[in-house]
Structure formats: C-alpha cells, structure tokens
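What follows is chain A paired twice: with chain B in the first complex and chain C in the second.
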Partner chain A sequence: MTLKRTTIRVAAAGTAAALTLAACGSGSGGDDADGTATTPRNGGTLVFGENGQEPTCLDPHGNASSDGPVTTVPVADSLVWYAPGGEIQSWLADSWAVSDGGRTYTFKLRHGVKFHDGAEWNAVALKTNFEHMRDPATKSPLAASYIAPYEDSKVIDDHTLEVHLSSAYSPFLNVLAQGYLGMISPKQIKEAPQTICEKPIGSGPFILDKWTKGQSVTYHKNPDYDWAPKGAAHTGPAYLDKLEIRFLGEDATRYSALVSGEVHAIDFTPPQHVEEVKANPDLGFLSAIRPGHPMSFWLNTSRAPFDDVRVRQALLAAVDRKAIIEGISFGQYEVASGFVTSSTPDYARGLEGTITHDEAAANRLLDEAGWTAKGADGIRTKDGRRLVAYFPIDPSFPAQRMQIAVQTQAAAKRAGIDIQLQTPPTQEVSDRILAGDYDLSSGLWATNTADVLWIQYSSENITSGDRRGQNVARLKDAEVDRLVQEARETTDKAEQADLYNQVQARLIELVPAIPFYDDPRPVSYQKKVRGLSFTPAYPSPYFYDTWLDR
Partner chain B sequence: MRRIRPGVWLAALVLALLVLAAALPYLFTGQDPLTVDSGATLRPPSAEHLLGTDENGRDVFSRIVYGTRASLLLGFGAIAIALAAGGLLGVAAGLGNRFVENLIMRLSDVGLAFPELLLALVVITVAGGGTTNAVLAIGVANIPNYARVVRAQTLSIRRSTYVEAARALGLSGPRVVFRHVLPNAVKPVLILATIGVGTALVAGSALSFLGLGTPPPEPEWGSMLSTARAFISRAWWYGVFPGAAITLTVISVTVVGRALRLRSEGRTW
Partner chain C sequence: MHGALRLVGWRLLTGLGVLWGAATLAFLVLHLTPGDQAQAIVGGENAAPTPEVIAQVTREYRLDEPWYVQYLLHLGRVVRGDLGTSYRLHTPVTQAIGEQAGATLELAAAAAVVALALSVVVALASAKRRRWVRGLASGSELVIASIPSFWLGILLLTVFSFGLRLFPATGSHGFQSLVLPALALALPIAGVLGHVLREALEEVLEEPFVISARTRGQGDMAVRLRHALRHALVPLITMTGYWVGALLGGAVITETLFTRQGIGRLLLGAVNAKDLPVVLGVVLLSAGIYVLVNLLVDLLYLVIDPRLRDAPAPAARTAVEGSA
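Up next, the complex of A and B:
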C-alpha cells in the first residue's frame, strides 16, 4: 500500500508542477508581496493537503475520525452555528425555544433551503436526520452518543419541529453545531442509505464529486447555495469552483507538498516546520486550539499503583511538562493548565498555574504513600513490590506522543517510578484498553463543550461488559459525578459555568491524568489562498469563504 | 602470500571495530544511550555531544554505538538463520528423491516470487514486531535463495569423484552427507552470505524504519533514521550519522565478502 501511494503521489506531483508552471506563464501581473487584491475572485480549484486520518465513511453521522468533519463540512450544513466563545447562532434553524426544564427544544427552520438532490429542508428532514443518527444501521460512533438523550420529535408544522429529550441536556445545541451532526438529504436517507458513506448528499456550499480512497475527495461548487451561516464572511455560492482534499499522511510529504506548490494549503503543519512557515513570505499560517480535553496520559485509577491519589499527584509533580512540550513542539504548543483546553466554554481561567513542577513534592508524596524504600536501580519499593506502571502505546501514534512518553518515563524514573513503555500491535493495545489492563493510556477528546468532562470522567462511562465508555482513567468520584451531571442538566448558564469550574478544580486534586498540551489545528497556506478559516465548532478548515488570488 | 589491498584491510578493521562495539559498547562512549534531557533536544554536535542529541535530548553518538548490537544482529542473525535452514533444505533437495526435491524447490519458487521485504512483513504480521522477530522474519525471507544455491552445489558434488569414492569405500549415508557433501556445498555459499549480511542489515533497518523492528527506546540505526526524517530540516546530524553507520557497515561487509569470494576462486584479493 505504501508503495502504491508513493507512486501515485509522484505522478500527482508531476501534474501539479506542470499546472503551476502553466499558471505562472499566464498570470504574472498585479500580485505584490502582501497581496493588494481585497475583492474576492470567483473560480479556481483549491487543493488542500490533509493528514492520513482518512475517514472510513463520509456519512457525517457515521464518522469517528478525529479530523473527520473537514471532509463533510463542505457538503453538509448544520442546524446551528457555534461562534468562538460559545455563542450559538442560527443556521439551518432560524430560532429555537427551550422549555420543560431543558427537555424540549422547538426548532423553527429556515425556509428555502434545498439539498443537492432537490429535496427540501423542513421539519420532516430534521426528524429523519435525528432518526438516522440513532439508527443502529448507521453504526454512528459519535453523533449517536452526542444526542443520546434524544427521545423523539413531533412535526408541528412544515418548518417547526419539537424535539423531546429524556433528560435535560445543556450541550445539545453545542454538539448540533459540530460537523459530525451535519444534515443529510432526507431523500438519500430514505431511498438510498447505503450510498451515504461513499457520497453524502447535503445542502452545503460544495457538492461531492468523488472519493478516491487513500487519495482524495473532490467537490464542485453548489451554484444555488444561499443559506450561509451568519458567522461566514459572505452570502451566496462559494467562490471556489472546485475543491480537492488530498490525504498526505506523512508529515514530511505533506509539508514538502505545500512548499513545492503541489497543494495550496495543508492541515496539521508539523510543529518543527511552523517557524519556517512563519518566516516564509509566500506562506501564511492559521491555528486554532481545539476545544475539549487536552492531549493527556490517563492514569488507571482502578488499580495499583495509580489507585493511590498521592502516587498520581507525585507523577504530575515530577514531570516538567513545560520543558517537554516546548521541546517536542518547538515552542508551538501551549501547555495544558487543567482538564479542558483554553478554547473550551467554561474553561477555568482562575486555575491556571495551579499545577506546578516540583520534584521535592513528588518525592514527599511518594514517601507519604509508603513507597519509601529504594532498590539498587533507584526505583521505589513497598512491601517488596517495585513501583512499576505499564504503558502500552500504539506504535502508529504520532511521533510526538512517543517523545512525551519517553521523557515522562525519564522524569518518573528520577522520582523512583518505573514506567514500562510497551509497543504491542495496535489491536492488542485497544484490547488491553477495553479490558482495563494498563496503568497509563494516551489521548485527547475534541468537542465544543465542557461536557467532555462528563464523557471522560463520569463513572457511567467506565467501560464494562455491556458498555464501552471513554472514562479511560476509570475514575469513580461521587463529587465529580454529581458536578458533571448537574452541569449537563442545568439551563442556567452562570450556574453551569460555576459547576464546570468546580469540576476542574476537583480534577486537579484527583489527577486522573497528566494533561500535556492544548491540541492545536495548525493550517499553513500559500499567500494566494484568501479567506481560509475554521468552523469554530470543532474546529475544522472551512472553505466557503475561501478564494484564490492570482 | 598475495598482496592484500589496503581497502580490504580498512574494511576489515571497520568490521572488527563494529563487532567490538556490539560486544562492549561502553568502551567507546561514557554516555548512556537512554538518558533523556528534555532541556537539550536536537542540539547540534558539540564537545559534550559528539554527534549532537536526538528529539529526546539523548546522545546520538552513544545511541549509534549501542545500536550496533541490534543492527548487526539483524544483519548477521538473519543470514545465519537463512544459511542454516537454506543449507539443510538445499542438501535435502539435492540428495532426496523426486518428491522431496519438487516439494522443496516449488516452495522456494513461491518464496522467491515475493520480494524479500514483503515476505519479512508477512512473518512480522503473524509473529509481531521486535528485534528477535525481525531477525527471524528476514532470515526466513532469505531461506529460498540459499536453498536454491546449496541444492545446485549438492547436485554437482553428489556426482563428484570423491563422493563416489567415499561411497565405494562403504561409508554410511549420513557420514557421507555430513562429512563430504554438506561442508563442500556450503563453503561457496558462505561467501555469498557475507554479501547477504549487508542486504539483510538494510532490510532490518527498513523494518525498524517502519516501526516493526527494535522497539523504542532501545537504539537501532534504522529506527533512528526513521525518527530523524521528521526533523531533517532542523537537525541534519540526527539522520546523517545513523545513515552513515548503515552505509559504512554495508560497504565494509561487501568489500570483505568480495575479497573472500575472489580468494576462493583463486584470484587476487
């Protein structure tokens, strides 16, 4: 497979080079260094280099790829738009009312919206979409769990839908703004649901042409588009005639594709190249911190040694997170200050600086926990047992994660904790995570609500025989459970913020994880690409306002 | 005494040093290859770090020195496996009846139909990664080559006058095979193997490069090269020196192997 891809890429590079040459020959006038043209130009094809996290299914509702929405947002509009800071604005819904203590949402839908296949956007369409997300046949890994409290809905009139939830669920509108819950043609859902994975039909500014697996997804402009969200910079159809999202998994390949002009812009700029991009007068840079849970190492709180909160606190104090993150990101990543990233609504700014690097404190905590004796190798012991923690890592994880692991291992060793890094095959890693057979596990969770703390730390979400949950730390804390549950049920914004602040403070005491960095989405582009932005909801690159300067 | 070219001496010296480094790495460096320094990542070569540091602040020179063992093991170990198994199968095919010969040779045809690295990947997929499995994988992938050459040798030796003579003297079958056929059939192949070591080393590095060989944090040249690739624009030393180590080793093994071959053919070194 690798060989095949390389061949394709080389061929593509040749073609792109030819095109670039042709472009240079025809239009070389009127483009100075900082670009004077400010009136958007119509036309052109934008080629965007994405990383290798290609979704296995382009149905937004069936998508689990952490970078997935980038390929579906051009096609599928969402019910609401999430503005930076957390305000929910109208999009395919003109307005909505919440009643019955947060259990009923009445959506008034926008008139005149048409899907690419001519189907009309109305109350039945929205109901069909909710049912499609819930349908077991969709095999929805994210959308279904994000709307888990959805019970049923009632069509009030052609453009009004009343949605009933089984319990109050305040993040409902936030998650509805994410690309994973984009709206698909009800006609396609009813008549040809098996085709959605290959070629989803939405109402978005771009119409999907073709998905060549392992290679690219291509789109063309929807000329009838007239229902852009308020957060967009213009109205009417998109500027670009065509869009191609090309999967370039190798960091080095993706970056050199940008520099050589094979692609116009790339997602996930490798941190080691960010300074070069910023210093290059022909390139621009754009980044957003993803809301949700920072990249962290979760500590398994359900078994020794991390069942003892002092050992967890000791490890957190032993690790110099700032030095590690600065080194691995070349100063590009922000060190996480707690258990949600700084761009998440209800982020507890007041807790910044609470977590400190303090090796003396680490040693003291371990002494208090009874790990007082030390073996010849410097590893602490208690009742003849060594202080060992097992960390199975998927070898296919990003290189930076392995760097953090290796450096954390070194810091832990100085404190007398032996972290054993293991690189079994991918399948074995996921089996062990499901079975709870690990002491550390790495990951992050991007979502635009502090409800991520319920997803990651509610004891309801510990994986058991019949339920697969995201509480990888296997944290069982009554206080956390109560706070996250109340926060997701309240409709009072101020109270919600207060509850989320309390959980964040509580988690810093409990240390169910070592939070490392707030995961950014760093996009680099050639300067002739204008108006590139993010949909703030996830965030993923947004091409609706994008245009190509000469 | 025929004159030995200085290039061959040099290559032999390099090999001797490499073997020494594999056996007693601490003779060459006082630094620990696993010591992490978060504050000194990707530092250029200096007096403190002769060949600079890697992405975790580890000393590249000591990682190359300590990586010699795993890297040479991949090269020599794999060929030893291929030689042993291929030798036995080749002799069996050369001496066995039509059925045995056909079975072994058709299997080796199937093996030869796949590129060496692809076959190694199949073994890794089944058995999992790690240094030992990588040695095994490359060894297995090389068996068909050696089986084929040994069989051809065996066929000619079988009809040679000294085997006929041994038979005529009434020596037992196994004795003829192990005292007369096997040593003579394998000797020319041994020289072929010295060249094989070079390619096996490269294949082993390729497996580690793909993340399937020696697991981190243990040093190995191929995996160092693989990781270094991401940082090549910032830290040339990290990729260049492990690459140079691989190149130097392969060239040395090849030069010495070639000299041995020429000598066995009765030509000048």
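Up next, the complex of A and C:
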C-alpha cells in the first residue's frame, strides 16, 4: 500500500514534466530500440473521448463544468502557468509584482501575442477580460467568484497593468492559472460578446472550428502560436493538425470506443477498467489527483444530530473508509487523509494517518453525547428521540457516491445511527441544500489552492439570502474563520503554509465532513498517442505537446 | 371531398388547443416543481455564482415576477412566433432546436422505416403458417418488445461494434453510425407492430372474400399482398400515435447511449436546468408533430377506406375502428 501511494503521488506531482519527457525524449531523433519514433511528428487528428459533463457554454468565464478547461484550454491561454507543487510561472504575463500588502498586482505582459482574430494581447486586453469575468451579463458561474476581490485596474503602459484588489487575496495567481480564467480576444468581448459561448476566440495553440452540441468540439492548429508556457515540453505551434473532443457520456461506451480504436484516448477511465488498461500492451494510462477538497460527505453542523461534535467524530470513526473506497473504486482511489487532497499546495503531510477507523471509539463518543439508550432496531435514542440523519442524494450524481452512501449507512447502523438515504429530484436536492434542510450532503471542490478551505469552511460562505456559499457543513468556528482568512491575506509563503497546516489539524478535530477519496483524473490512451499530459492548474488533458506516432 | 376539408379544419382547430394546453402544462410543471430557477440556470455542482450574477439572471429573465405574469410573457412571445433565447445555452431556441432536430428526425425516420418493414415482412411470412413458424415469430416479438431498449442498445453495441467492429459505437456522421441506433429504436416497436399486424392478417385471411380470391386461383402470396394486407394495415395505422410516441420517447435513451445529437438530450438538459424557453420550444414541436401525424392518419383512413369519404368528420375514426 505504501509503495502504491508513493508512486501515485509522484505521478500526480510530476505528470506534465515526466510524461512529456518520456514521450518526447531528448529530441536527438531517430527510432529507439523497440522501433517507435522518439522525435515528435507533425500532423494528424487526435480524437479524444470525454465524459458527459459537456459545458453549456464554451466561454471559459461562462462555465463551471468539470469539462470546461479540457475544451477551452486548447483555445485560450492563461495569464500564468501553475506548475505541479504550486509554483506559479510566466505565460501571457512575463512577470508580476505584488505590493500594498497583497492588494496590488502589477503584471508585465508578454509582447508579440496575437489572438486568433488578429487582436493584440496587451494591458487593455487583460483589463477587458477581468471586466468580462466580473460583468453580471456574462453570468459567470465560477470565474467571477474566483476573482471576487478584484476591484479595478489601471493601464500603466501598453504592456503593464496594475490590478487593485479590495482585500489581500493570496490565491489570486493560482486561480488565474485555471482554464476557467483563460484569456479571450478583447475584440470579441467588445464587438460580439454573444458569440463567445458558441465559439470563443483566444490566443491558444488551437483554433475552435465547430461545437456540435451533444457531440463534439473540433479544432485546428494555430500555425502562428509562439507563446507556449514554460511548463510545456516544446515551443512553437502544436504538433497535431486537428483535435476532436467527443462527449461520450456512457462509461461503457467511452471505454469500448478506446479499445475498438474509435478514439485515441479517453478521460475519466471507469475505475473498473483501469486494471484492464494497465494490462493491455496497446494502451497507456496516466492519472493526476485533482487539487482541492476530497470527495466528502458534509455533515450539517447547524442542526441536530450533527451539531454535536462528538456525534460527527463518532460517525467518522465508525466508517471504514479504506475498505469502502477500495471496494467502490476497484482499488483505484486514494483514501483522503484530511480536508485537502494530497496534490493541493500546503497539504499537511504530517497529519496523514490521524483519522482512524475505530468502532469502539465511535460507541464511546455516542455514549458520551448522551445517546445511550437503544431501540429494538439497534438505533440509539436520547430523551425518546431516535438518532436519525437525513441524506438527500441527487440521482444524477455518479453511482459510486450512492455505493459509498449505502456502505456508510451500514457502518453507521452498527454504531446505532440511522442514516436515511433519500433520492428526490435534482432540483429538490438543490433547494434543500440552499435551505439547509439536510444532515448529510456529498460533493468535492477542485481548485489549485488550499484556499478551498476558506471556500468550504469559512462562516462567510454559509448560504443565506442572496449569498450562495459552499460551506455546506454550515461550520461556524471562530478559529477556522481566523486561520483561513489570515492564510488568504498573507503574502508570506511560510506563514501561509503554517496557517493552512493549523486549519487542517483543526478540521480533523471538528469533523465537518467525512472525507472519502482524493479525486483522480484517470486518462487512458493508445500507445501511439505521445506527449499527452495534464495542465496541472485544474488537471485536465493538455494537447499542446501531444503527437501521433505511426 | 367536403367531408375531408371539414375534417382538416376541425383537426387544425383542436390542434391549436392541444398546443396551447401542452405549452401551459409544460410551464406549470416546470414552475411548480421544486428548485430555485436562478440557481438551476447558473448553479450546478461545480458552480459558485456571485450574488451579482444571481441578481442579473433573476432580472434578465424576470424570474421575480409572479407566475401568471411570467406565463403571459412566455405565451405572448410564443404567439408572436418568437421562441426566445435559451437561459442556459445563451443561443436562440430555434437555433438550439435546429441544430438537434435533423439528427433526431434522421434517427426516427430510419427507425420507422425499419420497424414498419420488419413487422410487415414477418407478419406476412408467419400469419396462418405452421405452428412452429408462428411460435418462433411471436416468441421473438414478445422478447424483443419486452427488452429494455437501453439493454438492447448495449447488446447491439457489444456484438456489432466492439465485437465484430462492423459499425461505429458513437456519433451521428452518415449511414454507418445510424445503423445500430436505428435498430435499437426500431426493434421493440417492430415487435409490437408485428404482433398486431399478424393478428389482423389472420382475421382477414378467414374472411369470405379471401376464400373467393383463392378459389379464383390466385397464389398464396398474391392473396396476402393484394387482398389481406390492405385490410390488416388499418389497425397498424390506428397505432400510429403509439409508435410515433415510442420513437420520440425512445430517442432520448438511444441518443444518450449512442452519444448522438438530438432533441431528446436537449430536452433532458433543459428540464434539469429549468430552461423554460427550450422546454417550451421542444414541447410545442412534439405536440405539433402529434397534431400533424393524427391529421395525416385521419386522411389516410379516407384513402384506405373509401366508405368514409362522405361520413361526418368526427365519426370517421370511430367508423374505421369499428370496421377493423
């Protein structure tokens, strides 16, 4: 187990670099021993099978789909590149300076970058993009909230923009590296904003040809591309002439399409097929753990029974997470060790192993909480009330979540907690979550910063009135609030790491959720596909360095 | 001919009523089902809309108006011939439907042809035949009609696409990719239609005029084709509503399984996101198709059974059903 953990983590951390290295070699040319070319070849069309989370809008700023970045990063470059491990590198910005206690960012922009429509990349273009993200008319479901502290910006010269934030916000550069905040032609934003959803125009290595809704997005190479990020394996235009991303929602169909050769590679390999892929000499496999919050069941801390921390601790101790996750993922997923995934910057490695499965402790905690009596059905009671928790699950969620829920229910029952699973329609679940009418709720949040802990657990982010927040656990803890706020404001990296370590330790005591697994992005491909990698900011397949071997 | 004109006029008039009813029901159902509309439009599992974005959506789509005002706004728009703009896709509804309609039409037409041809051939070949022939035909029909089309689709995919690699598993490009989805959609319908058709044929084959045709020395196939089939087709036509419905409904599953474009998937996404303009557009389109198909069926009766041409319009269908 330890060996496997390490290998996977290394793979996740070094995917982009390691994979492209392995595939593209030294560039010395010729064929290697087994007769496969090591020099990238130009040309060809890569057909990529994606899952069914097709975005409803291809404006990077106008979608929140997990398939957003995979479809928009080919078209739109970002201001900065996020390297595995958390280092921010230059891309469309050559350099930047942070001043005024973290409230002012001055970006020096790269020269010579052109959008596909000929528009020039400059300070005005960046300002226009920020304003487009913030414009309510864009109806941005994600980008706007990621740059919520953005106030305004000032054009210093043609290629220098000074950005003012309303409060210090240290994850600013991290989120700017995500595909959801890719840069769109200022000309399109000004002249034809209604066309961005359908056909975004960026400066990326691929130009979007056509989006056939419900089916595919097709692209062709941008021959003028000469501003690849440092994290890429080569410079100049992409190797592929064309790219087609097909949405194959059914897991079985997608996997079979890969095996039968209809597509070259697929995203989100169904876990039950991963071992088959690894055993198949014609197929390759690569995976990255998504940074952010692990897939978890949030416990509603604002009402009984989970308002009592001992009941939450008891449930966490009662559940054998390792056995459940091994079972539902066919041994493919990593059990979460805390409240951020292992690939997130400032992940508290020292806390690994703190959460343990201990049924005796679970029973003891419930006794201490006063749930001492037991009914005929084995469910604990207190003052005549049964220990019941309601769990509405969206029927459109992946089947694995239901499997985890059912097994959690069984473990809870052994400890004397009755978890009632409910499957109302999607919209009713969403209504109940907004209204706080649930005891458990499932989800994860992928983002490349430990600020995910502010998003999920700051009491500012409890939904109320117009404010829709992600604090689904409805946790209100003064210490967590202070730590996440200080961490997002400080510009001192070491202090930030220390603060995030403290929050992670505090959360393991508070148990606002049962963290289950670190969500991976498992990609399988035919061996003739070379140089396929991930953009590490929001791990999604990256096709710029990809080429097709004979 | 006067009767036919009256029939068309009457049907068109009631058709308008059907369209209005369908639009109203769609609006009410979407409005009364739980779910915050603004949240449904810009929400979702990975979304974190800011209060400004929620406010914009609410204002732009007038979601803060009382339900009857919203209803009248939508109805007024539709009456003026404007289907509006999709909340979710940010494109005109006519465009959204236009992009998808061709694929569904292609699939439905192919499946209809296959289902009809298959059921007619099997019924003609097996009606009033030896026991084992009938048993085999009706047994397979029963099995095929009872298989969930989802499973049937996977079966077809496994055998013909992944196993024999004869046809592609996905997409909607050209004839090759149409074969398997059309079969998956057509087979269950063919099972039902074939069964009905054979029953009808067997009844007709007992009729005196069939015996007299035989005594005139006509061959068996000629009797079946020239005399019996025409009569047996009437119940098939009466069932048009059923199979058009099965085609439209089955398209949702088939399109999802084979990852084809289509109206079914468009509607599914729109209902989940409470995208009212798209839902109204698709509902009006399908209701319109039903109205037209039923009108065609009524006219077909007149062609098949000349006795009805001078009958009063509303009585036409009952007369036919009675005679069948």
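FYI, the second predicted complex is superposed on the first by the 515 of 550 C-alpha atoms of A that agree within 3 Å, B and C clash if a C-alpha of one lies under 4 Å from a C-alpha of the other, contacts with A are read in each partner's own complex, and residues count from 1 in each chain.
Note that a contact is a pair of C-beta atoms (placed from the backbone, for glycine too) under 8 Å apart; a residue touches a chain by one contact, two chains touch by 3 or more.
In this text, all values refer to a predicted model and were calculated from it rather than measured experimentally.
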Contacts of A:Q409 with chain B and chain C, given as first, second, both or neither: first
Chain A: partner with more touched residues, chain B or chain C: C
Contacts of A:P425 with chain B and chain C, given as first, second, both or neither: both
Contacts of A:A252 with chain B and chain C, given as first, second, both or neither: both
Chain B versus chain C as contact partner of A:L240, first or second or both or neither: neither
Touched partner set for A:A389, first chain B, second chain C, both or neither: neither
First (chain B), second (chain C), both or neither touched by A:V503: neither
Chain B versus chain C as contact partner of A:A399, first or second or both or neither: first
Footprint overlap on chain A, comparing chain B with chain C: 252, 396, 424-425
Footprint of chain A on chain B - complex, ascending: 35-36, 38-39, 41-42, 55-57, 128-129, 211, 215-217, 227, 229-234
In the complex, chain A residues that touch chain B: 251-252, 270, 272-273, 276, 320, 323-324, 327-328, 330, 395-396, 399, 402-403, 406-407, 409-411, 421, 423-425
Residue ranges of chain A in contact with chain C within the complex: 56-57, 62, 64-66, 134, 136-142, 144-146, 148, 194, 197-198, 212-216, 246-250, 252-253, 256-257, 259-260, 262, 394, 396-397, 424-428, 430-431, 434, 443, 445-446, 455, 466-468, 470
In the complex, chain C residues that touch chain A: 33-36, 39-57, 60, 88-91, 96, 99-100, 154, 157-158, 161-162, 165, 168-172, 255-262, 265-266, 269, 272-274
